[in-house]
Amino acid sequence: MIVVMKPDATTAQIANVAARIEQMGFRVHLSEGVERTIIGVIGNERPLDREQIERMDGVERTVPILRPFKLASREFHPHDTVVSVNGVTIGGKQLVVMAGPCAVESREQLLETAWAVKNAGAHILRGGAFKPRTSPYSFQGLGEEGLRLLALAREETGLPVVTEVMEPQMVPLVTSYADILQIGARNMQNYALLHAVGKAQRPVLLKRGMMSTVEELLMAAEYILSHGNDRIILCERGIRTFEQYTRNTLDISAVPLIKQLSHLPVIVDPSHGTGKWELVEPVSRAAIAAGADGLIIEVHPRPEEALSDGAQSLKPSRFAALMESLRPIAEAVGRTL
Amino acid sequence: MIVVMKPDATTAQIANVAARIEQMGFRVHLSEGVERTIIGVIGNERPLDREQIERMDGVERTVPILRPFKLASREFHPHDTVVSVNGVTIGGKQLVVMAGPCAVESREQLLETAWAVKNAGAHILRGGAFKPRTSPYSFQGLGEEGLRLLALAREETGLPVVTEVMEPQMVPLVTSYADILQIGARNMQNYALLHAVGKAQRPVLLKRGMMSTVEELLMAAEYILSHGNDRIILCERGIRTFEQYTRNTLDISAVPLIKQLSHLPVIVDPSHGTGKWELVEPVSRAAIAAGADGLIIEVHPRPEEALSDGAQSLKPSRFAALMESLRPIAEAVGRTL
Amino acid sequence: MIVVMKPDATTAQIANVAARIEQMGFRVHLSEGVERTIIGVIGNERPLDREQIERMDGVERTVPILRPFKLASREFHPHDTVVSVNGVTIGGKQLVVMAGPCAVESREQLLETAWAVKNAGAHILRGGAFKPRTSPYSFQGLGEEGLRLLALAREETGLPVVTEVMEPQMVPLVTSYADILQIGARNMQNYALLHAVGKAQRPVLLKRGMMSTVEELLMAAEYILSHGNDRIILCERGIRTFEQYTRNTLDISAVPLIKQLSHLPVIVDPSHGTGKWELVEPVSRAAIAAGADGLIIEVHPRPEEALSDGAQSLKPSRFAALMESLRPIAEAVGRTL
Amino acid sequence: MIVVMKPDATTAQIANVAARIEQMGFRVHLSEGVERTIIGVIGNERPLDREQIERMDGVERTVPILRPFKLASREFHPHDTVVSVNGVTIGGKQLVVMAGPCAVESREQLLETAWAVKNAGAHILRGGAFKPRTSPYSFQGLGEEGLRLLALAREETGLPVVTEVMEPQMVPLVTSYADILQIGARNMQNYALLHAVGKAQRPVLLKRGMMSTVEELLMAAEYILSHGNDRIILCERGIRTFEQYTRNTLDISAVPLIKQLSHLPVIVDPSHGTGKWELVEPVSRAAIAAGADGLIIEVHPRPEEALSDGAQSLKPSRFAALMESLRPIAEAVGRTL
């Protein structure tokens, strides 16, 4: 950390700040510039609370030097982490496509979709049993009945299952049915939930919050990693901006950026990232071209009857066509699909 | 809801959409324009899922006509809601100031602060026992010990207590100590938590998410209201923007806007809203001038030693001076402090 | 346009609004709902000022039905516009890569770069003679000398030249040297400049403003189109968001979205879109995969000596490698490079 | 400036960066930390291009230490600048209210408004002769005829006049009629225009761009100041965010923040800042309470007939009531109105 002193900071104030930092167990390095003095803090600054120092007399501001995440960083763990789930590996040469309905609605709807995405080449079945909805008047999911249907679909098709868990006390229940626990965008900073899935020692699909930075996403992963659980798949799903024609703004640069900063695999959700089924196909291609390790895509046999997010769901035939169009892109970037 | 059809929508597609809407229990109203046909949906559209219709052939987009919140709206409940907490009323002529440390750190720190803010004229004591922190390496609060200290401070000073609850299963514990349950910004869309505090029938301080619109804030309140709990105090605490000199961008217009849209009281958090103690005083004045029903302010006896958010905390003497400077503003807008 | 009346609007107020709309030359269509009356405005609403109506008694808000752009829309002009510049076509099957230094610095720097990008397969030479800089203390470009060097480089290499014009009165000067006039992001809503390049009847590269919606970009194009100049190439170059690790957030969905809404070609600027040379390569691949008609990329022989934007410039060898890696992606989406 | 080296930077790379910085005329200060080496750059870093250094081998990133603005900073000029315009002073104890129609529409409309705002206590008349409009199909202003009417209104009422200038070559024309030249939000980074008004040596009202940080606003002022013109009034008018119920998000904290960073006066535009006339009154009060030096407010005798921005204009009677309600707030913060 660097402490920038005000131009009119007194010698006593500078000495005072330096003393405080040393008292916290760090070494100090002073540098007097033409307009300002700066104080370098030497040591692992991560647990240090910058705001305490910022409140001291004579301090203008502080600047962190180290990235705040450690276990999630590529520096700490230089090789790519590959997550294995019932024989499917995520983060290796093979790309992974998770597909299925936004919400599980019925046995028929789920099985029809599961078989359709499996036949088109998907590797994992997605489907929501518990649905976070902006409005209390919207469909909230089938709950445990949805989980049972997912397990049934896994049994029939052999596809591992990913589904969202929304509260800490539901982690055991969801864990008893699902192969991957999904943390939704709204819960990326639900720390009690992060602790709970960290302890569950089960693969986690961690979605970026719609107004979270990449740094905050990696800090959320750090919570899970701090429990020794490194089976984490990150997911870029679009951030909130002023643009209104799309539901979110998919941050494509986040994909190579995360690969550079972290060892964890990263996939892309073009369905939520755009909110429009017509954009899912081109954006899926872009994600693979940018280096994503996979995709998570909403598919519904009859999107115009879907109980949630119909507008962003693909019909099975479009999904199959998309899978076809992805293969040459995957090849072009040295991956297989 | 209005359904805007594509310019090349066929008569069959239009009929199809109209039939589907009627089948859902609504009446339909067609209007043929020069470039497009639009279909009006007549009835309470709130439970209707717009995305289902958007996915139908020939549909360009849908436009909601009704605001999605109902119980939270001023239309539904024209008179101001006034929340009573142990003799303190929020939302009436009297302004309410909640003050105290960001985090409860020790008996001494809390009591010293509690007496200082009480003597300066604060009405409610704030203090965090459970702290949501971006980093797992930061201080996470004293937990139940913090709650006990808050109860002790209430006993000694007579000030009611507001503190954050971060997970549904902690609601009974926090309810047993606190007078007002605070939902933090990161949890504004933690629906399990909203249901839990709704059922607790205890006053709730609901903070706007840093990534949330005013509409979404009112929808979060709707979750709580749907349990018959209308003792809700909304809180504007700044939203996330591209501006980096302040921690958040305090949305001052949200105050009169919420008063216009809703009957619920609204207060302002200038400490988180700016992140800089020097800005807390002018922004507090602005909040009262804009019509806020009160403030929630961080005060710490020695901010440079605070275990969290020191940079945005006021010393007790500055807090006392702020209270003095607020009185003529309060008077100018017909309120008392 | 739809006018949504307040729930308590009187019959007289509704009649008044209807009368005003008819007086403006539109037909009116009333629809009485359960909670609100809405008034449909029938006719070409584009020149109509919604705010006039919004200010009338009893009006809650207005909702536009037609997109505000007309000449730029695919509805108005269903076939793709292909822009020809000295034998290079933009918007057809062939992808177009524009490359060169951010700023023209010297004869040697420019020629070295021009030959390098030509040899690697670029089709058009980019280079700034007039540079918009946030700081008056930064290098502002060589001015007309820079234009002369660009013309010289064109003569030597045969590459057409694109360069930025920053003020209306400079349009004739820049037109006398350049093949394509670039409107920078900061000038996207500089209407005097848009009129000037519209009148110049020269190809225009129109960059999206860093805080402009896709709709506003198309409205800026509409200004140029209104002068009968349809040789416009749109450019997605990243928008401003809260994310700080990248300079801007490249909006990849904007590419297929613009192709859907408009007939104009669209290219992507991964250099400004990311601000980091390491991200240029993956994001370039993503842009082509998403359907962009081309790229504009900063290349500098010695980026660490560049007088502007060094951090986002590629060395010629990296650029050549990038071009190679783009070819299979181009093929995969049915394009040639 | 601080240069943060990568954890694996070699001694040769560090030496190389240091040598380059010294070659640029700065002194260098090395500090070896536990995980990274940082290099301090000593000297006036403002003209230095950080990106050049960022592109060097072994460099992770650079961090500026000095604020990039100098002439606009309070450090450089500790006392408040007071701008005098025909006997009206802006930036002193006396608050200044600029009021009038968004656009000049006719002699009658302008004179009626001018007398109304003067009688209510306004100090300066605002009115647009040249209007920047998103759509080429919207009313673009009366042009020079509008300027003539503004001069006439000044003659009759004695109020100085502020009006927008949109292009450099119009500066002489507008200067010949107006007392204060307004730079609109869309032109805040139109550098040719900033240079032109800098040279004109006439008071300038500089509006913050809707996509601009406070730092960028002060950098735009720096352009004007670099011509020796310090008669600049800054204006906060709202920034663009994800919130859609208001037209912009007025950044109230920017007012005290600018007062802290700069010596220039700052006023607030609640009309554009909110886009809704019902919010103008509370937000005006908030602005004064936060320490603004004045306001600029749209007033129109018949807002429902206004040719632009009707929805955010006050009727004269509301404006008079607003002025009354502002007086006690002004007094409460030690100002007069």
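For clarity, chains are labelled A, B, C and D in written order, and residue numbers in each chain start from 1.
Heads up, the rule we're going with is that contacts are C-beta pairs under 8 Å (C-beta built on N, C-alpha and C of every residue); 3 or more make two chains touch, one makes a residue touch a chain.
These numbers come from a predicted model, not from an experiment.
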*Which chains does chain A share as contact partners with chain B?*
C, D
_Going by average Cα coordinates, which chain is farthest removed from chain A?_
D
*Out of A-D and C-D, which chain pair has the most contact pairs?*
C-D
*Which whole number of Å gives the spacing of the CA centres of chain A and chain D?*
38
*Hey, how far is the Cα centre of chain A from the one of chain C, in Å?*
31
*Per the centroid of Cα atoms for each chain, what is the distance between chain C and chain D, given in Å?*
26
*Can you list the residues of chain B that touch 2 or more other chains?*
211, 240-242, 244
*Provide the residue numbers of chain D that touch chain A in the complex, in ascending order.*
2, 4, 7, 29, 31-36, 38, 40, 42-44, 63, 65-66, 75, 240-242, 244
*chain D touches which residues of chain B in the complex?*
211, 213-215, 239, 241-246, 249-257, 260-261, 273-274, 278-279, 282-283, 285-291, 325, 328-329, 331-333
*Would you pull the chain D residues touching chain C in the complex into a rising list?*
20, 46-47, 49-56, 68, 132-139, 166-170, 186-187, 189-193, 209-211, 216, 219, 222-223, 226, 240, 277, 303-313
